[in-house]
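These are the structures in question, set out in turn.
Two complexes come next, and they have one chain in common, subunit A, joined by subunit B in the first and subunit C in the second.
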Partner chain A sequence: MFKSKVFHSAILVVFISIILSGCASKEELCKTNITVWHWMTDREPAFKELAKRYEAKSGIKVNFDLYAPSDAYSQKVRAAAQGANLPDIFGILGEKRDFASFIKAGFILKLTPYMNEDNAKWKNSLFAKALAVNEFDEGNSYGVDSGIYGVPIDIMTIQMVYNKSLFRQLGLNPNKPPKDFTELLEIGKKISAAKLQGLVSGWGEVWMIDCFANNYAFNIMGKDKVIATIKGEVSYTDPDWIKVLSLFKDMQQSGLFASGLVTMVNKTAEQLFANEKAVFAFNGSWCVNVYKEMNPKLEYGAFLPPQASDKYPMAIWGGAGSSFVVSARSKNKEEAVKFLRWLTERDQQVYLAEATNNLPANKDSLSKIPDILAGFARAMDSATHPRVWGVSEFSPVIEAFDKGIQSIIIGEKTPEQVAAEVQRIKERELAKKR
Partner chain B sequence: MQSTIYYKAKKTTVNLIIHLFLLTVGITCVFPLLWMISSSLKTQETIFKDMSIIPKSFHFENYYHAWIEGGFGRYFLNSIFYTVAVVIGIVIISSMAAYAFSRLRFAGRNVLFVIFMAAMMIPIQGSFVALYVLLNKLHLRNTSLGYILCMINVGLSTSIFLLKTFFDKMPKELEDAARIDGCSKIGIWWHVALPLAKPVLAVVVVLNALNVWNEFILALLIFDSRPLMPLQVALMTFQGEFVTRYPLLMAGLTIAALPIIILYLLMQKYIIKGVTQGAVVG
Partner chain C sequence: MKVKSALESYLLVLPAVLIFSVFYIVPFFSVLQLGFHEWDGILPTKIFVGLDNFKEIFADKIWWQSFWQSGYITLIALTFQNVLAFLLAWACDREIRMKNFYRVLFFIPPVLSEVVVGLVWQWILNGNYGILNHWLTHFGFTNLARDWLSDPNTALTTVAVVHCWKGFGWGFLLFLAGLQTIPRELYEAARVDGANAWSSFKNVTVPLMVPVVVMVAILTILGTMQVFVLIYTMTGGGPGYHTEVPVLRILASMRGSSRFGYACAQGITFGVILCMISFVQLLVSRKAKN
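Then we have the complex of A and B:
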């Protein structure tokens, strides 16, 4: 009898507490002036500090709410959009078509008028290529009204990095990374002779192999021909594409690649490079933070992948790292835009770069950030990104292309065989589309 | 004589193989735990350089930092509260429902049961948006009550299935005797069915406690207010977009795993009984 009473009382207490705790949360939310949802765990303390500074300056409280990991964040944003609960400021992860669907549904405020105020002062302060990711051109294939819809908070570029100590060990000048492809292959031979590990990268995650190959495709045949290939107007069996694929064979034969590169994930590659076990790495600008955490004493430099041709400039992937948008249904739209403008001003961008080791989106901040970061940021002039090309390749073609490169590296197939196979899949996909 | 030696040798060999197999399985199960504890005592730098299970120097301060930086105090209490509330809810509702499905005769009983079982097949991720919209309409989003109701709903199907299987096997004579003694249907459920179902209830409690304790995606979806979040959300603090603070993450995981390990150890006797008595037969 006593046991039964205790059990019933316990249940009663639990449920009363549930109901009471359910009522508590709403009051807290009312105090917030601007709410920002984000997924960037490593930037949370810096954002909180900036929110404090903004409150001191303007009297407006900004509440940064972190929802990580990014998959869960994306689901929350989608659900909140359907429930009409989007915060004042948020970010959209995913492809450009996801971004477009939010705009078409009327969830996102168009920022072009704000960007163009005072002779486009705000717009001109940001890297154009970072803005391009948040911009829709006239007559875009997504059917979105042209304009700028997002504000880049930081940028990223994907380049090559080299270990200066291992360069010294190889008898090379630690301040002179290879200038062209021939020089890179020569270093590859030295690496092989010294029994060191050469290039590491996350080429097991095929998008990084795609990125590297595209850099050289832009360098060898130029942007127009690459786009024409994606449109189906140029064949993958074209001599220029064979040349791109042959570069991988040359690199493999010179001994430039680290063992296991084909199946390597980027975390492993980062670990190897940070622990001075590899001479080169192909990685994004986020690596500055990663290497600092893994080995603060690491001495390294960044450089563009060495040119294989003088015909066209080398292009690398880059653009906006993370961007924020303003909810079109927010009651605090104007305040939200003002806050984003403040957040992308030089001083705040310098603080963010220093605190988080991410590249600032504001062009004027470069002189005030560490050398290695500035090195990555300077390469922004050479940056491009599939999201701004206006066309996209079929997924099976990308897969065949990337896996084909892996086959070339392990000596399973020749560049010609891979090119023919990719073209066959391309034609199949084009026929399906027709 | 020869056959005795043969059978002894055979028995020893078979035992050796079985023990080797069990030892391998045991090591495979324990190794990740050991690795987690070992990593929790290293530094961010040594975690990538020192691959040994026993670190060269022990950094117990990682546990303190994980607790403080992750704000574990508040989240820990939240998780305990959610786990207790959800498990109590599931035990009461599922045992009543399972008893009804097993003993009461009513129209649509089988159809209803099949519907409940079908719910087991739907992954929770598939119902996120629908749940969010529903809770929003009921004004239960960003409330503990909304989260607890969702989690009770998540655990009901499996629990009903386990308990119904047990009640189906329960002798009817026991109920008849209780009825003769003047017990109502609720009385039989409370005084006869539930005490007999202790081993199965232990399985239900552990399975659901584990599920609620480790859940965080639904919590992230439902809660906007950070003070309402459960413990698992705090672990995300250490996982950056590109950089993960492994020692703190491992220390946090060790702290988070402790209550469930203790719960399992406390209920181990009942769980084994529950499983061996056919709680999961079906």
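Then we have the complex of A and C:
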């Protein structure tokens, strides 16, 4: 009886100890360590190496904790925010309104004062378009105090790539990608006749369709009209939007799209392109690293999506690839800011670019990157991003738009039907907001 | 002494009660509470919207479409999957060669990861380089070859069939266990009375298997209505909305739209409907028993 009581009491003590140990203060643990949460599997070894270098230089240990895939990472950050348990440095994935919510909730440190130190030395070392993604202007629609809240650690552009060997096989000049949309459709016909696969991309993950469609929306109607549509001042049934949606029908009919494109995830698209099974891919600059790992001999080039109109320049999504923010509640915020400043200095950026084949966020590091990456970097002049537009489209509208494009590609709906449907949802969301 | 003993008992169940409360009861009430709020999952403030989320659900065509689609997959699972499972269990219950091998073989799909199964089938069914189309073409059925997962006419049925392939092993196991509980003497008595194989099956096997069939049907409905990982891996709900199911919609509301309140309301609605289905099935099974 006594033994049993002792045993039960011991179990109880152990249980309570386990619970209480989880509640212990982290103050001591956080004194000299900086914790960084990220989702970038491909950059993990490089980050670890940089952490070692930083520790050797400053004596401060930086722990990079990887949480992948990005969906799981996003949920972890949100959960940690609710539990007031965010790390010193982390990244925010998602739309600008999510970023704004984190700021408004007081989770993120404003970095403007740090960026402006020494005549804005830090700020000026970074690509302005990459910084813009992390910046809120005066009087922004999100109600966030204006300023810079994040540090870009690399930049990216999303554009088209083409396989040079398959171009030769089609009788095309491997150094001349299509220069306009008509030429692209002509190549589509050749691809179809040669029974090859045309364009591959992660259009099963709808954001990439959104990206492609927005490129052409900018080209056909210009930025102002796109923004006006998001604000609800222009209807999605406007002829210009119908024209944007019709491009997908034209591309489908020309045979440009690879089969299964509408349910394809980007990983599959990357495998197909890297294995020379597709002529074109629509992908971000991160693909350079992916293709290199999958097929080092792959011969390809990058180009802007060919213009469908001469009225406005083609715009592509680009800017900050990945950014980090500093937790406003961190005990080590000053140290965290110092580390981010160091991470975006020239030497570290060159190392990151070389090790991971991502475009550096530091302007001075571009001279040392491979040719194909430089091709992506040159497109920065044409880059834009929903995060810098100052307004965000309603998520249900984005979903209806993207799924609608899938329906056009599979021949289920016409561009006019999709436009009407998207506008109906837009009006519903506007009414809800009012 | 009695008080002490009672106190000791309470202390000993305390850990279990705590764990249950923290991981089950609190989240349940949080979800219930969130269903009546608008919340983006980040801001500390939640806006009370009353029944607005539930009203919106009733007008959400895509939500109900996803519901009917999971109903369609469930129907295929209830019929095709369970009939196949029953027939295979019946065959393995008889004196056939290598029956233990078949038992193991049929139980392999259920123990595989849904993500792995999804990816493997995606590869098999691929329109360009999938082996299904390769063999169809090889045997002269070129007109049947298609992009199974991207064609709106075949996508839902295709994922339903893959779901059945993945899940029939569970039914097989339960049916086999049920068949093995039927006393062999009943079959011998039936044979002595002049019953042939079909009569034995109809008059002995089927009536005694009714409770197992009902149980397998309940598990199939509850499991299939909540199907998610396999579809997420194979089609992501596409093309368009053709393979969307309720759990995918809940995820889209939460992750895609950052509408946690609406997602919780969808979860509650879904849970209530599943409870109603289970209740109806319980009534049916009681009637069947009687």
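Here is the rule we use: the second predicted complex is superposed on the first by the 317 of 434 C-alpha atoms of A that agree within 3 Å, B and C clash if a C-alpha of one lies under 4 Å from a C-alpha of the other, contacts with A are read in each partner's own complex, and residues count from 1 in each chain.
Basically, a contact is a pair of C-beta atoms (placed from the backbone, for glycine too) under 8 Å apart; a residue touches a chain by one contact, two chains touch by 3 or more.
Since the structure is predicted, the reported quantities are computational estimates derived from the model, not experimental observations.
Engineer: Quick check on the superposed pair: does A:146 touch subunit B, subunit C, both, or neither? Answer first, second, both or neither.
Structural biologist: In the superposition, A:146 touches no partner, neither subunit B nor subunit C.
Engineer: Under the stated touch criterion, which partner chain does A:75 make contact with: subunit B (first), subunit C (second), both, or neither?
Structural biologist: both
Engineer: Who does A:259 touch here: subunit B (first), subunit C (second), both, or neither?
Structural biologist: Second partner only.
Engineer: Looking at the overlay, what does A:406 touch: subunit B (first), subunit C (second), both, or neither?
Structural biologist: After superposition on chain A, A:406 lies in contact with subunit C alone.
Engineer: Based on the superposed arrangement, let me know which partner A:94 touches: subunit B (first), subunit C (second), both, or neither?
Structural biologist: The answer is second: A:94 touches subunit C but not subunit B.
Engineer: May I ask you to decide whether A:396 touches subunit B, subunit C, both, or neither, giving the answer as first, second, both or neither?
Structural biologist: In the superposed model, A:396 contacts subunit C only, not subunit B.
Engineer: Residues of subunit A that sit at the subunit B interface in one complex and at the subunit C interface in the other, please.
Structural biologist: Correct list for subunit A: 15, 19, 75, 78, 82.
Engineer: For the complex, which residues does subunit A have touching subunit C?
Structural biologist: 5, 8, 12, 15, 19, 71, 74-75, 78, 81-82, 94-95, 97-98, 101-102, 104-105, 107, 197, 204-205, 258-263, 265, 268, 272, 277, 395-396, 399, 403-404, 406-407, 409-410, 412
Engineer: Spell out the part of subunit A that touches subunit B in their complex, as residue ranges.
Structural biologist: Listed in rising order, the residues are 4, 10-11, 14-15, 17-19, 21-23, 25-26, 28-29, 35, 39-44, 65-70, 72-73, 75-76, 78-80, 82-83, 85, 271, 274-275, 286-287, 289-290, 293-296.
Engineer: For subunit C, which residues count as touching subunit A in their complex?
Structural biologist: Within the complex, subunit C contacts subunit A at residues 8, 11-12, 14-15, 18, 40-44, 122, 126-129, 147, 149-152, 155, 234-236, 238-241, 252, 255-259.
Engineer: Given the complex with subunit A, which residues does subunit B contribute to the contact?
Structural biologist: Where subunit B meets subunit A, its residues are 44-45, 48-49, 81, 84-85, 88, 92, 125, 128-129, 132-133, 136, 140-146, 148, 190, 216-217, 220-221, 223-228, 236-243, 245.
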